[in-house]
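Across the two complexes that follow, subunit A remains constant while its partner is subunit B and subsequently subunit C.
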Partner chain A sequence: MFMYQLFKKTKKRSGITLVEIMVGSAILAFIGGIVGHWFFMQRQYQRRIFEISDGQQSIRQTSWAMMQELRTARSVLFPRLNPDNSIHSDSKVVFKSFSGDVICYYYNASQREIRRCKIPNGPGAPEFDPEPIAKDVSQIIFTASDDGNRLIDIFMEIKGSFGLESVYLMNE
Partner chain B sequence: MKKSGFSLLEIVIAISLAVTIFIPAMNMFSTAGQAVYKTRNFSFANSVARRISQRLMVMPFEDIEEVPLPGVALCDAPDGSFFGPFFNNTASSAGLRRITQVDMPEFYDYLERYNFRYSLSVSNVSFGDGDEIKSVGILITWNETDKAMMSRLYVYVPTL
Partner chain C sequence: MDVENEMVDQEMYIVHISNKKGIAIVMVIGLVAIIVPVLYLLSRLGTSHVKLAVKYQENLQTETTAFSGSNAGISRLRGNLRGYQNLTNQLIGDESYNLNLRPTGKGFFQQDLYFLLSNSKIKSHHYAIMAEAEQFNPEPDPPVLVISRDYWNTIEPYEIDQIADVLSMQNDRGVDLLRLDETRDYEKNATPAQYSSEMQAKSDWLPEELVPDWPEIVDNLKSEKLSM
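Up next, the complex of A and B:
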């Protein structure tokens, strides 16, 4: 009995107490919460940045593809100015290309994409391009704004980026 | 008996220090993000300038006039400017729509947030035999976190 009490008195305590564990856990949880929230916010921010970057790139490519063909077109068939000379907009544009083909760029709202097709001059079904010109398009507006129908304004919104272009028909 | 290993306090301080150093290091991602926003605005400003340049081609020569700084705002642009009216899905002037909070809320918010404006600097060049050209400087200005930004494009419009 005497030896046990002596052992108890001389033995040095080691390890950590429950209170220390709880305080440590609370501090770590607090820091973890802050860092976790920050990471979540950063992830959201990065996603938004990538979307804007993708949208911007998509607008550039789409504008380029359509403008190249429209610039050298012979005439715009639709849209054209209204009878009272006011501007007229639509989600599609139809024009006669440099080579004489009737080309249409149109917005497919259900798929949120812009597509291109060639309409035959005579009887026959339109030939659709296998791939869309652009995807994830929120809106597109083609506007005829010149009384000579030589100018087409294009407004696009893709993933929060906006594109604003005008094409002057050089051949008209 | 000699103590060995780390105490809990040491570990907590070490983690706090690591986090304090780590967070500023991660801020470089937000810097990259700001660069994307900047590029988007420059890209948009270029497209606005191209739009104006194309419309100058169909304008009557004598109607091409100076628009001094600070220029015309793209949102709520007055009628007769390059951006008003903006679109019309109907078959008469009754359906004209403009870049206003009501007609185009998202686009309007974007333009208003950065205060996009355009100005024109027009110089006449005469060749003496009746031929004339106009040298038009198109300035697009906007604000990014109180910093004034500008993009410019020069076009030459002949009388013909």
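Up next, the complex of A and C:
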């Protein structure tokens, strides 16, 4: 009887036994597995969404950069309507800027980039922007659709997202 | 003996409860350790992307609002409103623009010359347009003939009702206009053959994407070349 009481006293403790930790860990591992799998699936899904979002964002930024310069440009030199007045599309656009120089945005297919260069309207060598305007570009199409050479449509595809913008040249 | 058995049962029950409590503590600590980081990560995901999209939207809205201001200026001139006009905080929808029509003198045909300034600001985005406008005398009634030209844009935070800012804008725009004069002078002074060969010679420096169509571009340049 005395031994039992001693045993009873030693049994009353406030700590956690190894068995409890193991049972708790097993349940946690099970829950963690379910949560982890769900989290992994969500990450995969979000990665796809972000890729589309990144593509759209790149399209917007690229369009914005080109449109700012095109809007105050003076005339589009290339592409222009075909001789039969049908629309003409190309992967580059060349125009006279506000200051009269020739500006070109062109697509480098091997690097999948859009680049800009400035060609002096007069003596002097062309100047190339050190950084591309956009990267990971699948395609870009500039379309001339008016005979006044003042309206340009810009179609772009980046990372599976598409964008279409039109810009009208304001200056003569 | 019965009392002893009862005490043993009670002890077994207490040990049973104690086991459940331990498991519960480990579970709570573990779940908090899993759930808190997961919730934090989920809350962080996508925030930067949404911010970028909103930024672009604001950029576009600022530009569109400033253009509305510029068009409003032309409408006012067409309506035969003359003299200095400074209109601030003009609303278009929920956004506001500022408009400044600053007379700069008389033209060759006694038309009034203006600087047509318009700007808009949405959060940290600015957009300002500066152009020249010629307002002819109405014969006999409005609408007046208005010719606007040399539109120039900037995203610098210029205040168009501050003379110092307007002077800065004039200077910035003036640099581009001086370059325009240079290119126009070059076009005027060169013969079509000289101009064509000078531009054609640049073909050697051009990127390969541009080379095949360069002769056509030079032809277009030549067809638009200014003459004396």
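We take it that the second predicted complex is superposed on the first by the 124 of 172 C-alpha atoms of A that agree within 3 Å, B and C clash if a C-alpha of one lies under 4 Å from a C-alpha of the other, contacts with A are read in each partner's own complex, and residues count from 1 in each chain.
Criterion: a contact is a pair of C-beta atoms (placed from the backbone, for glycine too) under 8 Å apart; a residue touches a chain by one contact, two chains touch by 3 or more.
Predicted, not measured: the structure shown is a model, and the values here were computed from it.
When both complexes are overlaid on chain A, the residue A:35 reaches subunit B and subunit C alike. Comparing subunit C and subunit B on the residues of subunit A they touch gives the larger count to C.
In the superposed model, A:53 makes contact with both subunit B and subunit C. Of the two partner chains placed by the overlay, only subunit B lies in contact with A:150; subunit C stays clear of it. Comparing the two complexes, residues 12, 16, 20-21, 23-24, 27-28, 31, 35, 42, 46, 49, 53, 56, 60, 90 of subunit A contact subunit B in one case and subunit C in the other.
The touching residues of subunit B, when paired with subunit A in their complex, are 1, 3, 8, 11-12, 15-16, 19, 22-23, 26, 29-30, 32-33, 36-37, 39-40, 43-44, 47-48, 50-52, 54-55, 57-58, 85-93, 96, 106-107, 110.
Here subunit A touches subunit B in the complex through residues 12, 14, 16, 20-21, 23-24, 27-28, 31, 34-35, 38, 42, 45-46, 48-49, 52-53, 56, 59-60, 63, 82-90, 141, 143, 145-146, 148, 150-151, 153, 155, 157, 161-168, going by the rule given at the top. By the touch criterion given at the top, residues 1, 4, 8, 11-13, 16-17, 19-21, 23-25, 27-28, 31-32, 35, 39, 42, 46, 49-50, 53-54, 56-57, 60-61, 64, 68, 71-72, 75, 77-78, 80, 90-92, 94, 96, 98-102, 104, 106-109, 115, 117, 119-123, 125-126, 128, 170-172 of subunit A touch subunit C in their complex.
On subunit C, the positions that touch subunit A within their shared complex are 4, 7, 11, 14-15, 18-19, 22-27, 30-31, 34-35, 38, 42, 45-46, 49, 52-53, 56, 59-60, 149-153, 155, 176-177, 179-180, 182-184, 186-187, 198-199, 202, 205-207, 209-210, 213, 216-217, 220-221, 224.
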